[in-house]
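Given below, in the form of structure tokens, are the structures.
You will see chain A twice below: alongside chain B first, and alongside chain C after that.
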Partner chain A sequence: MLLAAASSLPAWAHAFLDHALPKVGSTVTQAPQNVHIWFTQDLEPAFSTIQVVDQAGNRVDKGDTSVQSGDEMLVSLKSLPPGKYKVMWHALSVDTHETDGTFEFIIASQ
Partner chain B sequence: MIDRLTDPATLLLIARGLLFAGAGELAGALLFEVGVAPLPRGRRLLLWGGWVTAVLAALLLLFAQAARFGHRALADVVGSGVLSITVTRTRFGHVMMVELALVAATALALAAAARSRRRASTLALLPAAGMLATLAWIGHGGDDRGLAGVVHLVADTLHLLGMGAWLGGLLPLALLIAAAERSGETEAIVAARKAIWRFSSRCLWAVGVLAGAGIVNAWFLMGSLGAFITTPYGQLLLIKIGVFLAMFTLAAVNREILIPRLSGRLPGDALARVRQTLPGMARNTWLIAALAIAVIGIVARLGTLPPALHDMSQMSKMDMPSGHPH
Partner chain C sequence: MSRPSLRVAAAVAAGAALWPSGNALAHGFAGDRFFPATIQTDDPFVADEATVGTLTKNPADPTDGQSYSYEFDISKRITRDLGFTAAYQWNYFQPKNQPPHYGFGTLTIGQQYQLFINNPHEAMALVGLQESLGHTGAVNGGQADDHTTISPTFDFGKGLGDLPDSLPWLRPLAITGNLSVDFPTRVNSNGALNQEVFNAGFAIEYSLEYLQHHVRDVGIERPFDHLIPLVEITSATPLNRGSILGTTNNTGFATTGTIAPGLIWSGQYYQLGAELLIPYGEGQGHGIGGLLQFHLYLDDIFPRSIGRPLFGG
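== the complex of A and B ==
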């Protein structure tokens, strides 16, 4: 019975990106103030980070990555002009496994 | 070569293996003394050897994992503050503090009741079993959420305790049989036979729990039967299952063929037959113990690999942004 009940729940040993805001690969018309990423597992805030860079490779985040509710990581952004931005994240899950990844989003001119 | 040995990933592997071995041997030897027979000559070495191995391995694991977390050299973890952050702000650090507290409690229990061996072992058994069970939190057993998380964690804990109860008792049993063979005295042979009978019946439970919990763990981590062949995690797990089956076969030979030959009245007609049977029992027990070392090495490696469920080859349908395990 326990096995049957558990089978409906996902098992993750690593923290993978579940969804993000701005969405992965999306184009937005209003500059976001933060990048939020939700993961498939709880994170260790002390060793998990998000960095956001513009097309020239300059950091555009404020370097204040934090973790909320265990699985949501966010970083606040400077005032961003239209352009393409790259989000680079590094996650350490609570079971000591590391993952990292990147995605882009575009801020379109209004 | 030296660079390779001081690499945090290699040190993690060594530390995990030694911690499993030390804690398992200590808990198993204590359980043996509580439930099977007084530990043979070399008791101090059996217990304190396991304890010292566990302490050193736990400290090495803490330092190596902190180095890995902070992407620092081992020598730099204290000065950079990475060790202190690991201890105070990560689940791994908190678990390791619990582990070290249980290590200290085990030593205190052994020392406090040193005059009565059985009492000391009974007192020390709980924290020593706790040392072993706590390791479930630093493996893949501590990964999942909700009900799945509870089931996986319980299964991993039982797997570890089953391992300690069976494999940790092999060394005391082999030494006890060897001592009886050496002395040749009827009293020692009677004691060895009694210990074999008791250990054998307790092992049935331990091996059952070990195997059952292992199947549950595999169900959580493998994702599919094909992953046993297509992923490094699955291939290594398959080797582990093969070694386990070899150990199980040797234990079955002991139980089904050799142990029945130990029956009969002692001292009496059965003495010569029992004397003839003990060397075979001892040889098989040493062989199982040797294979157990291989299994512990594999377990240490498995804990550092991405489970098959998360292997990149299994994640081909996932978008790159979802991340890379390493």
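== the complex of A and C ==
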């Protein structure tokens, strides 16, 4: 009953990751063209970023982070070979709360 | 100035220009790890939070007496690393076949200093001092102390997110703990010895939020993706003033405590908690108790006012 009441409350203050594509911790068979993250709160576009690196720590995104529909953040990727990649996001919610997070995904060999 | 120094200086200046001042950093975070406000044990971080209420039914005591309590508390940051706490409770005790005793307990205040927060290793620690103030509650009713007790404390937290990738299902685990010693300022109260006591408490948590959003999307939907199952274990070990010293007060040195399995649900503005209380140790009573807690994150509710440090926020 308490959880049902909690789930009906309005949007949250800190912007946490709600879901992502590629999915957190997933293995994909096709190299994605972008990383798309949905957050629990609207974001300040100028101060919210996504970076993607390979296992050697090299940037593999195109540096073109954009915020769409208020709570979605997107960055496009270079053409990626199979391997493990780390997504590092930084979000500033519209009411000034900062959050950071990371997750990984794998592009499987064909 | 050398070239590397010029580049560093330029980067810092650019970052300072882009970064808005006065942003509110989230409480209880170290890297990807969120440490919820645990119930039986102290938190390893200074914060702006308040417990609206913790309602507890304790296990029955050895004489079949039954006790309940309602506690409320507040934590407030003075600076980013320095905090202040206060806790108070109302107690109700029903002895078997006798009239009940009830009244306010002992007011406890504390000062905390955040030693460090290590983001890559999801670790944090603080030191503090607590004072349980004498004569701040129903002393005559037996619900509060007639003396002050001073307790230096050390609290820590460690998330296991830095485990190797070969252990993904263990990475949502975290452990927090607190260590303290009680030094009563009075040896004897109404014929009973006030012992110096070593306290240890630990919480072992498995964060479904961490699993779902940082390790692997396993399809846990809202609101269940913010559940944190945990077990809290507390212990108290008297250090002196027991029967071994040849006194008439046969209190002894046995370690006693509780094992409290439960659930925390952590939202943005508040947190809900529920735990069972299972006593262990000599003279700890019998049966199982339980508690419910409603806890507020003041930094999220009031990010531009009381939810910020008083200085340097």
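Basically, the second predicted complex is superposed on the first by the 101 of 110 C-alpha atoms of A that agree within 3 Å, B and C clash if a C-alpha of one lies under 4 Å from a C-alpha of the other, contacts with A are read in each partner's own complex, and residues count from 1 in each chain.
One rule holds in what follows: a residue touches a chain if its C-beta (ideal position, glycine included) is under 8 Å from a C-beta of that chain, and two chains touch if they have at least 3 such contacts.
No experiment lies behind these values; they were computed from the predicted model shown.
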Quiz item: Thinking of the overlay built on chain A, is A:103 touched by chain B (first), by chain C (second), by both, or by neither?
Solution: both
Quiz prompt | First (chain B), second (chain C), both or neither touched by A:94 | solution = first
Quiz item: Which of the two partners, first being chain B and second being chain C, lies in contact with A:45: first, second, both, or neither?
Solution: first
Quiz item: Where does A:17 make contact in the superposed view: on chain B (first), on chain C (second), on both, or on neither?
Solution: both
Practice problem: Could you say whether A:26 touches chain B, chain C, both of them, or neither, answering first, second, both or neither? | Solution: second
Practice problem: List the residues of chain A that touch chain B in one complex and chain C in the other. | Solution: 2-3, 6, 9, 12-14, 16-17, 20, 24-25, 41, 44, 46-47, 92, 95-103
Self-check item: Interfacial residue positions of chain B with respect to chain A in the complex
Solution: 65, 68-70, 85-86, 89-92, 138-140, 142-148, 151-152, 216, 219-221, 306-307, 309-310, 318-326
Quiz prompt | chain C contact footprint on chain A (complex, rising order) | solution = 2-3, 6-7, 9, 12-14, 16-20, 23-26, 40-41, 44, 46-47, 84, 92, 95-104
Exercise. Would you mind writing out the residues of chain A in touch with chain B in their complex?
Key: 2-3, 5-6, 9-17, 20, 24-25, 41-42, 44-47, 89, 91-103
Exercise. Note which residues of chain C are touching chain A in the complex, please.
Key: 18-20, 22-26, 29, 31-32, 165, 168, 209, 212-217, 222-224, 265, 267-269, 272, 300-301, 303-304
